[in-house]
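The data blocks that follow each hold one structure.
Below, chain A partners chain B and then partners chain C, in two separate complexes.
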Partner chain A sequence: MPNRVSIRLDGEYIRATRGQTILEAARANGKFIPSLCAMKGLHPVGACRLCVVEVAGVGRLLPACTTAVQDGMSVTTASEKLRHYRRMILELLFAERNHVCAVCVSNGHCELQALAKRLGVTSVRYPYAFPRLEADLTHPRYVLDHNRCILCTRCVRVCSDVEGAYVWDIGARGVQSRLVCELNVPWGQSENCTSCGKCVQACPTGALAEKGFAAEEMTKRLEPIARLASSRGGRI
Partner chain B sequence: MSKARVATVWLDGCSGCHMSLLDIDEAILALAKKADLVYGPLVDAQEFPEEVDITLVEGAVSSQDDLKLVQKIRRRTRLLVSLGDCAVTANVPSLRNSLRPHDLLQTMYVHRVDADPSLPGDGAPPLLRRAVPVHEVVPVDLHLPGCPPKPDAILLVLGEALEGRRPELAGKVVFG
Partner chain C sequence: MSRTLTIDHVTRIEGHAKITVELDDEGRVADARFHVTQVRGFEKFVEGRPYYEMPAITARICGICPVSHLLASVKACDEIMAVRIPEPAQLLRQLLHCAQFVQSHALSFFYLSAPDLLLGMDGDPAARNVVGLAQKHPELARDGIALRKFGQQAIERLAGERVHPSWTVPGGVNKPLAAEDRDFILGELPIARSIARRTLKFFRGALDRYRDEIEHFGNQSTRYAALTGVDGNFAIYDGLLRFKDADGNLLATVKRPADYARWIGEATMPGTYLKAPYFKPVGYPAGIYRVGPLARLNVAEQCGTPEADAELAEYRQRFGRMPRSAFLFHYARLIEALYCIERMEQLLEEPDILSPHVRATAGVNALEGVGIAEAPRGVLIHHYRVDEQGAIRWANLIIATGHNNLAIRQSVKQVAERYLDGRQLTEGMLNRVQAVVRAFDPCLSCSTHALGLPPLEIRLLSAAGEVLHAVKV
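The block that comes next holds the complex of A and B.
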């Protein structure tokens, strides 16, 4: 079976590699598809749905991060319909928790905030839930603030895929879903956490941060994680 | 040509958005030729007037007084602009939303106060259960997020609105 396939991306023919996802093929060809949960070096899960695309002949939208390219596939990555749903998803993320950008450690360096600007979200049409959520300050070096968590599971995956410590998981269901440390213990009591900080760096918002930073001060680096994953033969 | 009637209002916010409005510097002189400021913390009017063309609302809707005022503003304003994150998202004022107003006041005015702890008395407007964005209580025509919004963005909004156009803010402004 040939390793190369041809797909059409917004009408333009591109070459892709069998096994690549639509998102990977699009990015390799300089095409922007918004995403939050997808991250270089981690296996894709399709958690945030921001990367939805239209595939000709398929009656529903598909996440580009978990859909493999197929020879002859025709994909639309930008349309009024997609912009509509992507904005909706972003607004629901903002409405679900307390993303108070102005006082967030990640203000100005946040992927959720940056996407809101890029996709033209200037207000949230849904009533804010204003849930009462806690911050876990028990780890000596890091903070977990559930107010800012979008449940993208990058932290879960970087801890399992790259660090191999399996500290994080998602507990409960639906709107009650929370990031949990091991069997729902305070982070500071974790037996497996190596304090490597990969989860903090991978987090797209201010949900995971280093202690001692004030608003706007927390910046993150994703490249070392991608390099590490790549050097261990992980997915690029 | 008669001048446009512009109002500004300060609900539950820190006045930072008004500071940003003043930060348009000398551009305010050109605006003053096209518009009269008829109400707001920067002028003396006591009552929100009728027939206002543009109102910039700073702050979340947090008290009964805020709610009544913003409803009156909506009735009397053609173009209502939510100015800044507190008006657009409830922002910092919403940090109190997980506490009931009574518990909030007890905490801030009684439990954590050493000298003469007492609840705010007559004249203090009763708090709503939650501080909410303006568009959750009245229809809003334009959202200008930012904490505070950049002076350039405020100038763009006023400049376009005074020419009768709806400014396009998508991609130019951001929360926080």
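The block that comes next holds the complex of A and C.
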């Protein structure tokens, strides 16, 4: 079976490798598809749904990060419908928690903020939920602020896939879902956390940050995680 | 029949307020109240946040003096970390503070108060604003704009942003000063200094016109509170909080910031969200004290820079060692602006000012921290308590306008007694009541850490509590 497939991306023919996802193929060809939960080095889960695309002949939108390319596939990555849904997803993310950019450690270096800017989200049409959420400051070096978490699970995956410590998971259901440390204990009481900080680096927002950083000071590095994952035979 | 006059709302102040004047049965002024009608709840909603976020959060209390909040907050955080910050960081914070004083005083004097002073208290309110000022005294309006711009540009050069910069951090500042930015500020300094000199000269020349106002504008016998250096001289960034009585006798020296509560109590009053701090040894409500430019010059021995000291000497020659009139806030503000410009030059010429060693790091080493700094409007206190992890458990902020609350109330009463004619709120009386409030340069959004709602209303109430006349201004 030939390893190379040919697909149409927004009308343009491109070559892709069998087993690649639409997102990977698009990126390899310099095509931008917005995404938040997808990260090089981590297995895709399709959590944020920002990368939804239209595939000809399929009656529903498919996440580009978890859909494998197929020979002859025709994909639309940008359309009025997609822009509408992506904007809506971002607005709902902002409405669901308390994202206050001005005082956030990641202000100016935040993937959520950057994407909102790029997609022209200048206002949120939904009422804010204003949940009362705590910041977990029990870890000696890092802080978890649920107010800024978008449940992308990058931290969960980097901890299991790359570090192998399995500290993080998602607890509860629906709008009550929260990132939990082990069996829902304060981070400072974790028995498995190696304090490697990969979850902090992988976090696209200011939800996981190093302690002591003032507003705008937290920048993250994703490349070392991708390199590590690749050297350990993980997916890149 | 007694009555009440209400001024709702007072314009050209930062925030929104309402004034009520109560008349007795003979139509004389029985009492006056100053209501601040907003609440924002900063002290409450910061609970649970990491302490090192406090500078960024509390800076949002105010868009005019965010730097003061930043500095009081980082000083409180320095205490929680129990660090002595590097010397260059101290100098840079002071420099930023001086720049903010210049811009804030320029705003207060030229934009908010000069229209009253130069266009006449009885003038048409539609023209009594900075636009009217620009038409009648274009050179003065230009100076005002240029001086504020100087301060704002210096802040931007130092901190990266004019409003709500994130440069000042617990433990110091997050970026050293670049040589080109130092040179830029030094290059602009002479113009700023000549504006300050020119404005002082102009103001001194015009003082005779305001004899009546000086006599009746909050000409109160109160205590004063201000930061001073260890030597007793003028200080705005750090020092000892001192209280003096109306005759200049030293009442108290707060040696450690954490001891402030031994001397300052906070009372709540009906009808206003603004708390009323009072001098504890005297009690409430008699323990009135004032903070701000007048208080700072009264409490300080000297300014400590040559030109400002010369101006201070002349000011004291005219009005005595302990002037009382709230009208002199304006004069004091100009002297302070000159001081800050001189001080900026001294700081920029410090050999260490470009040093890259600008930040100390540490975790939580103390569970409580108090930061006291002078804001342009007076003493600003940030007091935090944290848990072992550094989450804020309790916060108390005392802002300049709060300290002045009881004094503003007394001043309004005094002006109303002098200028109220009969049972109507005349334009001249309304203007003077507002102008006396403006002399304190109150920042109401700061003082209640508050938000929203329209500006100021003045109401005249009868002894029975009936509203006789209400004006929104």
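Everything that follows uses one rule, which is that the second predicted complex is superposed on the first by the 236 of 236 C-alpha atoms of A that agree within 3 Å, B and C clash if a C-alpha of one lies under 4 Å from a C-alpha of the other, contacts with A are read in each partner's own complex, and residues count from 1 in each chain.
Simple rule for what comes next: contacts are C-beta pairs under 8 Å (C-beta built on N, C-alpha and C of every residue); 3 or more make two chains touch, one makes a residue touch a chain.
In this text, all values refer to a predicted model and were calculated from it rather than measured experimentally.
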Clash or fit (per the criteria above) of chain B with chain C on chain A: clash
Which of chain B and chain C A:Phe94 touches, first, second, both or neither: first
Touched partner set for A:Asp71, first chain B, second chain C, both or neither: neither
Touching partner for A:Phe130 - first (chain B), second (chain C), both, neither: first
Which superposed partner A:Val103 touches (first chain B, second chain C, both, neither): both
Which superposed partner A:Gly120 touches (first chain B, second chain C, both, neither): first
Greater chain A contact set [chain C / chain B]: B
Touching partner for A:Glu223 - first (chain B), second (chain C), both, neither: neither
Touching partner for A:Lys211 - first (chain B), second (chain C), both, neither: second
Location of chain C clashes with chain B - one stretch out of 243-251, 261-269 or 315-323: 261-269
Touching both chain C and chain B, counted on chain A across the two superposed complexes: 102-103, 107
Of all residues in chain A, those that touch chain C in their complex: 102-103, 105, 107, 134-135, 137-138, 140, 143, 188, 211-217
Complex contact set, residues of chain C against chain A: 48-50, 52-53, 55-57, 60, 164, 166, 169-170, 174, 361, 363, 389-391
Contact set on chain B toward chain A in their complex: 82, 85, 88-92, 94-95, 97-98, 130, 132-133, 135-136, 140, 143-145, 147, 169-171, 173-176
Touching residues on chain A, where the partner in the complex is chain B: 94, 98-104, 107-108, 110, 113-114, 116-118, 120-124, 127-128, 130-132
